[in-house]
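By letter and in written order, the chains are A, B and C; residue numbering begins at 1 in each of them.
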């Protein structure tokens, strides 16, 4: 159904073959505001962004009626509060362009080699602020802030689209795992879009999400606006950790997104395989612990590929109670490796797909005795 | 071992790169009747179909002896009946060519865009009939009829190959999950083919399959004749639901095949990502339920790709007892999402592989209060 | 970040598209000794091997200090012995080049067709020897010897790099599942390499690995030296089976690696999909059992692809207690199918990814009554 012409060789622009890794067995397609674009080159990215910029606030976001509308589209929803004894966990988060270096050290410490010079591009990240957007909390990071709550709490996210002229298009925050009404789904649905599904540059919207017993776990959140694929691949993602009430977190807890930046996003020659926005050991997160500590790694698929997660010298029980050391995970799926540390030394962790591992999807885990 | 010449550019015919999505990390290869064909163009499809048409009924299907035969090839099997208290669940099913529209509405309701004009091709589906093939039961659908049974029952499928001149080749029904002897395996095995593994156009064959305790679950069935890959991708697939004896089905129960039609099958320009033979929201199944109902979604991989399954606003326990909302599934693997509905509104469900989701592997779920 | 030039068509040498299957959604990249090479042709393979040959023994392997070193890099470790009541399971294994035929019968018994003439190349395998490397134990096989132990045992592998001039580079043995100190991790880590992570041609090294309660299961081992991707794809892999103390093995137990040989490794025209180094039924392992026997299939992903594992006529409980017959597995992930045999006849087992199944990833399972 795609309107690319397969008889025409991919003559100009970036190499389509390099994008296969991005899209998980296909090309990078973006469907935005009535257009479907096969994103092959920087020019195509401009086309998609322009299409995204031209998407008008859907009438439905103002609750108007359309021909295909159903009764459920006219339902009105309130805003939930915490359960008795629960808390209101409030966050201020802005989607914001940021110059991003995929390999600040310039080196792959594992293989002892230099990383090519072109390492910086304009990413799009969720930046946390202090209350009332008074000031940024730390430097921009990728993933965005980890949202923490316990069962019974509500997570309240004061969200601002700071895309500005660079990323002049509506964006959102769509969470997995937590409970929400359609208003707080954070998804652009064309004529059926609800209020939280279309936040234009300069606008703010407050999402309210409930942590219920079946929310316990670790989940991604990400952009789900009209240009969600490109913006997710630019860095608009983060994690939510929901614990049973009164649970102590592990001594060491990390979130690792396994993802990639395609050339369309970076302007580099080819795909960059990353963990948390960085490529190659020494740039990807170096995790540290001590023997005896409880340690939890939460690993989330952040692109269109399938991955596995392996830590040298360690194994752990999966949800089924089986010992594993290299489980599979898909796009926006989470696997957690939870164990009590017993093995000091320097360890490599990595995706076990050869082409990902060799292209930077690896890092250090340092365990003190 | 493939006989394509990698030094020759893929100059003519359809673009090989578009088929990567079909084959799950490889080209579309068909091995039929002693030939292996890399299917790049409509001409190649003709070649494969011609090869399939020329496959002769294997001698072994008549239980003759050959040089490589083993003792197990000479075993004779009977036909099982139901267990005490079990039933005989009888179906009449014909494999039949049908003009198939991948997007009858002509629109993607999610992104509010028109779908390209070329939307119709000749698919190959399992059509259900009333007893004795008296008359078709409803319009042809994809997947074919869902076969239901309880533990202790036998499923009896009176199968007819109605491929005719359009699909002039032996086809079969091969089930997962249920018990069967080699006679009812429904698989072409060359010199080792049993009676149910080669049903020529115009022929009938009766499969008998047992539902035993370890059959409980939801499973695919599909063609496994000499041209199984092409015919599975043309639409020859369906589902089997086996429940413990006396179990009430959920209030709402759906089967969703996540699959794709390659250009070789459709003659379109490129790959169409589908759910149940349709592409883009409004064409893919719109599922409806009410708060308080028990709901079960059974999702099966129908092509050579890996997928994930996500429903907005919902999460459920996987088999390991962990809450998930986006599990991975492989080719002909099933994942089920079972929950009691508690969240009214319009929800999007989709594969979370970006390139699948953006190319039509998404649909609506409408929950009334 | 890759240094391929996407503006240049892949004009000469082997077809890059054929390698997509190898790399699981990307090109075949090798990062060796400070160089990253996109392996497109036999010349590139030579380049990688030359790079691998030129990698010097890391200073760190001799425990010298470097600028980036951390305290954990200076930790000293002993060699563990068995737990009380445990045994010392000793193996002699050499990594060794061997002429390897991917299809000795020359035929695909399933589809009754001939396999192309070019079937032999120089593989790299783990060959088992009697004590003191006195003499080879049987012919070279792929996977290498299965290492067996019970909880409380230590596995001691006397390892020799017999790569010689053909594969003139350091290799290792890196195990999954078992416990080891960084010295016995068997991984090249550049400046941080420990003694077991760099075994040059002609050298020997003794690995000692502990089987602890959380090691119970089936795990891969494989090369993790400076050229690990290419050497793993050449055949340097095998399995470890750890059982609880005093457990009787099943009557029939098999290890199946689902993997592939890329043209860079074989010099053939294209990718060969294999089970245990062989392609097409009759060449891949033919497994035999009798009704009533306990049977265990341990299936491990041996390349960069994702696979599923299906046996006709059979189903089994997965780790979560759910009946399955076609589970997904990723690179170096294991799934086990364990059942009591109840279904006599000739059965096909295969990966359910169409393009793998049709290109040789299938075999026979013969069950006597």
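Throughout what follows, a contact is a pair of C-beta atoms (placed from the backbone, for glycine too) under 8 Å apart; a residue touches a chain by one contact, two chains touch by 3 or more.
Note that the structure is a prediction, hence the values are computed from the model and not measured.
Engineer: When the Cα trace of chain A is superposed on that of chain C, what is the rotation angle, expressed as a multiple of 5 degrees?
Structural biologist: Result for this pair is 120 degrees.
Engineer: Check the residue numbers that chain B and chain C use where they touch, and answer same if over half are used by both copies, otherwise different.
Structural biologist: Answer different: the two copies use largely distinct residue numbers here.
Engineer: Counting only Cα atoms for the centres, state how far chain B is from chain C in Å.
Structural biologist: That pair's centroid distance is 32 Å.
Engineer: Could you list which residues of chain B touch at least two other chains?
Structural biologist: Only 9, 17, 20, 24-25, 306, 318-321, 328 qualify.
Engineer: Quick one: which bits of chain B touch chain C in the complex? Just the residue numbers, please.
Structural biologist: Chain B residues touching chain C: 1-7, 9, 16-17, 20, 22-36, 68, 70-73, 75, 77, 174, 176-177, 179-182, 185, 187, 189-192, 214-217, 219, 226, 229, 232-233, 303-304, 306, 318-321, 328-333.
Engineer: Once bound in the complex, which stretches of chain C touch chain B?
Structural biologist: On the chain C side, the touching residues are 9, 12, 14-15, 17-18, 20-21, 24-25, 102-103, 108-116, 118-119, 263, 268-273, 279, 282, 305-308, 310, 312-313, 315-328, 343-348, 352-360, 366-369.
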